[in-house]
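Two complexes follow with chain A in common, the first pairing it with chain B and the second with chain C.
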Partner chain A sequence: MFNVCADPSTLTEFFWVICYLTTAKHFAFYVSFFVVLVLLAIAAPLSLLFGFIATIGTRSSNWFIQIFSKSYINMVRGIPDVVFFLFVPLALDQFFELIRHKIICFDVVEPIWQGTDFVVCKAAKLPLSTADLWVHQLYAFTLALIAFAIVFGAFAGNVLSGAMRSVSKTQTETGAAFGFTQKQIFWRILVPQMWIYAIPGLSNLWMLLIKATPLLFLLGVEDIVYWARELGGSKTSMYAYPHPDWRVYYFAGLLVFYLLMTWASSKVLKRLQIKLSKGQATMAGKELQGY
Partner chain B sequence: MKKILIAAVFASFAISTVYADTVRMGTEGAYMPYNGIDDNGQFIGFEIDLGNELCKRANLDCAWVKNDWDSIIPNLKGGNYDTIIAGMSITEERMKEIDFTRPYTMPDPSTYVTLSGASVDLKSGVIAAQTGTIQASYIVDSGATLVEFATPDETIAAVRNGEADAVLADDAFLKPFVQESGGELSFAGDSVFIGGGVGMGIRKSDSSLKEKFNSAINSMCDDGSLNSLITEWEISETFPDCK
Partner chain C sequence: MDIIENSPILEVRNLKKNYDKLSVLKDISFSAYAGSVISFIGSSGSGKSTLLRCCNLLEIPQAGEIIFKGEAVSWTNKTDSRQLSDKKQIIKFRTNLSMVFQSFNLWSHLSILDNVIEAPVTVLRKDRHIMRDVAYSLLEKVGIADKADAWPAQLSGGQQQRAAIARALAMEPDALLFDEPTSALDPELEQEVVKVIKDLASEGRTMLLVTHDMQLARDLSDRVYFLHQGIVEEEGHPDSLFGKPKSNRLKQFLSAAAS
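So, the complex of A and B:
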């Protein structure tokens, strides 16, 4: 990056460290922190949405939707995350490619499954093999994001349906007495009031989500854990900056990062809880009003 | 309608001819001198130089892809990339799953490395190796206790911190670690020859690609460029039957 770094073997210790920490590989490491933050920023609302839809589904009068939503919530909750993280991206990828193969290469007669090889035509590949590296990375990231949203959506669905049941019956009955329709009761009484009951569960889920982000590494996305291991591993003089095994320092850095994330989250969540408690008929709400 | 169909068929032909020549090369990027990632994030190593030259000779447009070792065969079969070029020795067991080109290295001797001065019984001690390598299955057969690691680097770290008594890996990979350890590590026992040389892994359904690479490797063998690459990266013995 800097001109002084042209020949690392001649550098003094101070400049060596500066140059070492500013290699292109280290920048990839720094960028991967943003990858994790972006994942959190998108996965959290997306799983909340999935969970919310599933919750509505469990209350549906349609038999099929109800069964589907209930089994989604329970099945995903019961199966180890890791299995889902390995299965969903792989299955989605092959599913998309299969569809594209059927549409784009309808004239290809060879079977898609040849032995255990999964072979679709070149034009059906996703992303195309000619695509730039970043397209492939974005695609892998998106698949991972969907897997996160599905798994955490199920957890969120469970929390939200519990929260809806916690809203006092007198509230909804009052609504009915005033002539509200079921829809109005749901959107104007139940949904606005359930958040205070959902917050403890959702906070917990957020913490779990933060802790689960290293699973990205399992999905082939180069996240902070990947780079910490790669950069920390001992390097012989075949590399410009040879060094012994430094993984422990890199992992200690990750530890600090995750601790900071947890600390910041608990601050924000606490404020959110206070805000939502205002005017609620709960212990916290009454305390705020000075009862 | 007929015209649309014909146009669509032509279009799909056009697409397949445009994309037919991009070959994605899957490698691990953590096994110098075979393959690695330098400090600028670029692929380097014997196999990168070799692969680029092979692609030039076979008139293919190649792109490099990094993939972890333990999923490198499944992802080839799933079509994430088209070849494995990652220091993978040709073995009977792997031949059941995928095809290989002709070897582009001689069988590289595998060697044991221990902490200097430690007396280790290589037949019954705790030996580290990377998961899914020929060395790992060799250790199991030899009667020693195998500890497996996902990356090659971790196998060396295991010897350094005493978790394993010795590590078994390709000689070319271990040599720089021993030379630069300042006497901390040293070779132990005799080298063992396992595997039939390193080749490129290719899907069984992709025999035309295999033929292209075979003839490219043969042409590099014939003009001596293969042997000079092997010497340059200190991989193994050179091929006696190549120039």
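So, the complex of A and C:
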């Protein structure tokens, strides 16, 4: 990085540490924190959207949409997350490649399934083997992101449909009494009022989402866990910066990162809850008097 | 009070309503003329709320007619379990017959002002800015203009009910349907709501009033209906109904209510 770092073996302890912490690999490590934050920033709203759409789906008058939404919301509850995370990106990957294969390599006669192997033509590979490294990384990240959104979307759907059921019937019925259509009741009463019931569940999900981000590592994305292992492992004198096994320090760093994340989140979420519950103080009391 | 027009605003004929095997309304008929106040009294469970809810089409009676300004509710022609068949008509009925509920039912996510504005803007497509002014003057009329920006939960019961009355008035309905508007209130809060209701009656508004407050029914009504076990056991002018009750049921009811 710096000129002084040219020959690490000659450095004093102070500069050695500076130079060590500014190697290209360490920068990759720092960037991987952003990867985690970006994942959170996209996966959270996306899951909420999936969950919301599924919740609307469960109330659909269309039989197929209703069954589909209900099974989506309930399915993931019975499946261990990790299995799902391994399954979705792989399935999506093969699905995309299969489609590309059918379109691009329609003239190839060999079957795609050769024994238990999944083989598509070279041109159908995703990403192409000639593509840059960052394309491969972005592709892996995107697949992981979709997996997160699907799994957490189902959890969110569960929370949201429960929250919708919690909205007092007298509130929606009063809308009906004033001539609201079903649609107006849904958008003007049910949706604005459900958040107060949804926030505890969604807060919980957000914490789970934060804690699930190391699954990225499992999906081949070079995330913070990957780099902590990579950089922390002991380095022989073959390396520019030889050191013994420092993984424990690196993982301690991750621990602090996750603690900070959850601590900050709980502060923000608590504020949100207070803001939303403004004016709803006697809701429980009203419920008791119910019409 | 004079009856201004001779065709009723709301007419109910031979209404029957049951929940599964429980027969709540057996055969109810009445007419509400423009500018008149009709009260319904009766013991708890006699079907007073159910009757009002049928008028507003929140409940579907198994038989009988509901006629608003000469227009009868149209039903699907299935006789065993009929349904409402005309969505536009449902909205017409509901926007012209505004409900005031026993437990107020203000929308808890909206400020008092927004509670008043909400239905006219959403259902009647009124302009929000114009409605703000209308809502303010209505809140002024019921004496809680200073609470316009408060949340429902921050108001006393009496204030909430007055806000609910303002919300109903904002629809400019042909008739107001009150379902025991004061029975969830402490006696000292009751009077502030009673005063508002009396003012509305003296303005010549058409009102259907379900109440436990015999004094209120007596003071305001042009006609009183005593419901008992799903039928109108006795009806008449308040002076004769309260002064010279004929049926034993009503006598018992009135003496129980007085004690």
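By definition in this document, the second predicted complex is superposed on the first by the 280 of 291 C-alpha atoms of A that agree within 3 Å, B and C clash if a C-alpha of one lies under 4 Å from a C-alpha of the other, contacts with A are read in each partner's own complex, and residues count from 1 in each chain.
The working rule: a residue touches a chain if its C-beta (ideal position, glycine included) is under 8 Å from a C-beta of that chain, and two chains touch if they have at least 3 such contacts.
Values in this document were obtained by computation on a predicted structure and should not be read as measured data.
By the touch criterion defined above, A:Leu90 lies against chain B but remains apart from chain C after alignment on the C-alpha atoms of chain A.
Judged by the touch definition given at the top, the superposed model places A:Lys275 against neither chain B nor chain C. In the superposition on chain A, A:Thr130 contacts chain B only, with no contact to chain C. Residue contacts after overlaying the shared chain place A:Ser234 against chain B, while chain C stays out of touching range.
By the touch criterion stated above, A:Lys211 is placed in contact with neither chain B nor chain C.
Looking at the shared chain after the overlay, A:Val120 reaches chain B, while chain C stays out of its contact range. More residues of chain A are touched by B (comparison of chain B with chain C).
Of all residues in chain C, those touching chain A in their complex are 56, 58, 87, 90-91, 94-95, 98-99, 101-103, 105, 107-109, 111, 118-119, 122-124, 150-154, 167, 171, 184.
By the touch criterion stated above, chain B contacts chain A in their complex at residues 9, 12, 15-16, 18-20, 22-24, 30, 32-33, 36-41, 44, 61, 63, 65, 67-68, 71, 77-79, 82, 97, 151, 153-154, 156-157, 160, 176-177, 180, 203-206.
The part of chain A that touches chain C in the complex is made up of residues 170-171, 173-181, 184, 188-189, 192-193, 278-283, 286, 289-291.
Only residues 23-25, 28, 90, 93-94, 97, 104-105, 107, 114-123, 125, 128-130, 133, 136, 220, 229-230, 233-234, 236-242, 245, 247 of chain A touch chain B when the two sit together in their complex.
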